[in-house]
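Labels run A, B, C and D following the written order; every chain starts at residue 1.
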Amino acid sequence: MTAVPAELRSDIEGSLLRRMTAEAVGSGFLVAAVVGSGIAAARLSPGQPGLQLLENALVTGAVLTAMILALHPVSAAFNPVVVLVERADGLVSSRDAVGLVAAQVVGAAVGAVTANVMFDLPPVTVASTDRGGGGLWVAEVVATAGLVLVAYGAGRSGSAGSARLRVALAVGAYITAAYWFTSSTSFANPAVTLARTLSDTFAGIAPASVPAFVLMQVVGAALGYGLVRLLRAPSEGTSR
Amino acid sequence: MTAVPAELRSDIEGSLLRRMTAEAVGSGFLVAAVVGSGIAAARLSPGQPGLQLLENALVTGAVLTAMILALHPVSAAFNPVVVLVERADGLVSSRDAVGLVAAQVVGAAVGAVTANVMFDLPPVTVASTDRGGGGLWVAEVVATAGLVLVAYGAGRSGSAGSARLRVALAVGAYITAAYWFTSSTSFANPAVTLARTLSDTFAGIAPASVPAFVLMQVVGAALGYGLVRLLRAPSEGTSR
Amino acid sequence: MTAVPAELRSDIEGSLLRRMTAEAVGSGFLVAAVVGSGIAAARLSPGQPGLQLLENALVTGAVLTAMILALHPVSAAFNPVVVLVERADGLVSSRDAVGLVAAQVVGAAVGAVTANVMFDLPPVTVASTDRGGGGLWVAEVVATAGLVLVAYGAGRSGSAGSARLRVALAVGAYITAAYWFTSSTSFANPAVTLARTLSDTFAGIAPASVPAFVLMQVVGAALGYGLVRLLRAPSEGTSR
Amino acid sequence: MTAVPAELRSDIEGSLLRRMTAEAVGSGFLVAAVVGSGIAAARLSPGQPGLQLLENALVTGAVLTAMILALHPVSAAFNPVVVLVERADGLVSSRDAVGLVAAQVVGAAVGAVTANVMFDLPPVTVASTDRGGGGLWVAEVVATAGLVLVAYGAGRSGSAGSARLRVALAVGAYITAAYWFTSSTSFANPAVTLARTLSDTFAGIAPASVPAFVLMQVVGAALGYGLVRLLRAPSEGTSR
């Protein structure tokens, strides 16, 4: 299994600036969707946490599908751990990886601020929701491992257009599901996790809870990458 | 990034009348779905605004996906701002653009009237729901910028059939999400906005609120087109 | 716009018996899903008609997508009005059309009985829900016209597999939406309408309400076929 | 109708170990999703069994779509009855079939334990929910027959990538629907059924209820395979 079919490679050879722009824009819409739909859900479905999470999960999955369809393969799924895995797989240089992750972090933060502003809240309020504990940390490992497996596996074979479609649908469906089947509601993305400290609303996470979440995400990504390598056909070789 | 792969161009060379028909029909079903499902949601889920919006959002996204699959690329997504962007990009002439927008406005109005009639309401009732304010206006800019980005980006590369599929899924998913993550519930379409003045129900908007909404949509479209140009690979040149 | 790309034609040349089997099986699952999910929704979400309809609508759209993916183009979408339109378009002979519609009617009835049995109800109970009136009849015309437009339009161009995918997604999405944006909840199918007289549950319709519904569906199909012809490019000629 | 287009065959010729890994991983995520989302739904939507089932059904369908996109055709849909049908169809050897089913059973059990742990429950609690009776047994037959029909039929024709997409969407949509239109909520998978004895939560099934469920699933699979053969075009011959 290789993340990027041969046909896509050349398309990825865009300038770093163009790819950083794609990462920033996609990450911005992703976080605006996570935070914004959380605010709307809490306001419109008070006292119904299940319905709120359903609304939040469907919106997040849908925006991911839309943004991957619009920006992939210029972009790396708006997720630093995917960049990390692509670095390990030799698909991006270290220099580019740093640039892409920086773009993701900045874009995600702008997205959170935009959501706050759209809902007439102060641009930034530091989140106070503590998230953590054994079950949640296991959940972040599982969620991120699955995400890496899905993002990589769905991109195998076919034309650039069809691979893009499969990755977009797989990642969107997976994240909608993972909001529910993991106890952490599947953050599974360090840039998004950081940005969610900037809104003290439904989707927020207290800054003190971030380091453990990010650590578990990196562990999950490593686990997911191990699975990807295990499942890769010998004939596919390494992707370098 | 170009909106229309080379393969599609010839298909678009249909007579203007045929394309206006497609825009009118698609805009009609779109607004009938927005207004009709709003009426049904308000009747069937009283006192649950979150569930109502979920029903309204899922229906709108689904009908957009279905209509784009049925009518694209004969049509320009039933949205005047998309026509505007295609004009800026040199894909349609000024004369055609005027015809397409007129067809969208008329079709959308017929859709609103049809929804009223189906639900045994007077054919036209002027909406009284005021919508506006700083947050909502920012929301319309964000919603429309994202829509342009998604509609353009998802159409890149591949055969006519596969581009149609990607655009249909991306736009449907995006709008379902944008109902929730923007505080304005993402009108993002001047023809639809105008038509929604014709039904004093769940989805209605007071005529006095329309000009600011449309202005923000035009600003958002310009912003979205700027992003599209920024993300376009140099090798893709301009699309003229 | 032609319903069936040249590549698909040969695939359709199966024996009539095989095609009747496909129609019967697909219609059976479709009605089992409509009736069965209606029973489940009424039992599990008492007092919440909106949530019940959402459950019913999502299930119907999903099963349509699955069955079209599994059986198309062997089948004609499990709908007598689609057979009627294909007859008008010269795609099936009169003899075959009769056989296909008969298979749809029988299969749909078996589906209703199966749903009753699965939920431990008597195999047949005559439905007592009166459905009708001006708004609802307009709704059936609109719903069926849209369905014909979507089923035909989405099948344009591309390989057999990709056309199948587009039709499946478009029809599933459209019907999910039409449950909500039409006041009749979009029966839009004479075989399904007849079969829904066999279960006095959520999805039932009283036999006396059937003739007007079927008449409106035929009118809608004619209207939809007119739109299809209007939108068909001159170069596509007739499909004979 | 053949389950596996010629193009896919060579791709399936992976080592048995690789295919067992795919089955185990996919089955694990599938059961983690079924059990985990059941726990979350019960906690977050108390007293609303309909909403709980909707949440559970959407998550299960979404994770199936994601995992099939990521792992198909290395895998056999994480379902022993699909392996059984592929054995009957001559697509796998008896030795391989045993290995694949074993991997599914083990992976599914690990998934259930993982869900329990993520939600801070004991790793294993034996389920106490009795499930059975005439209607439910008929339901398991119907559910499994439909699943075999859908999984096989959707894979017909096209490239490896497009067949994968169609199977993933068809199976995901079908299972989401079948949760609702069958009275048993459509277990339709012996490995998943066994694993659901390991969590005394929303999705659990008492061990004493398992044998009858599995028997009905095997009957349903045979029925579904009969339909597949009936619908297979003569020109497609047998798939050996």
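What we mean here is this: contacts are C-beta pairs under 8 Å (C-beta built on N, C-alpha and C of every residue); 3 or more make two chains touch, one makes a residue touch a chain.
These figures come from a predicted structure and were not determined experimentally.
The two sequence copies chain A and chain D touch through a face in which the numbers common to both fall below half of the numbers used overall.
Chain centres here are Cα means. That of chain A falls 38 Å from that of chain C.
Rounded to a whole number, the gap between the C-alpha centres of chain C and chain D is 27 angstrom.
Counting only residues that touch two or more partner chains, chain D has 48, 51, 54, 58, 159, 162, 165, 169. Taken together, the touching pairs link the chains into one ring where each has two partners.
Contacting chain pairs in the structure are A-B, A-D, B-C, C-D. In the complex of the two chains, the chain A residues touching chain B come out as 11, 14-15, 18, 21-22, 25, 29, 32-37, 40-41, 44-45, 48, 51-52, 54-55, 58-60, 62-63, 65-67, 69-71, 74, 114-115, 117-120, 159-162, 164-165, 168-169, 172.
Against chain B, the residues of chain C that register as touching in their complex are 48-51, 53-54, 58, 61, 133-136, 138-139, 142, 146, 149-150, 152-154, 156-159, 162-163, 165-166, 169-171, 173-174, 176-178, 180-184, 227, 230-231, 233-234.
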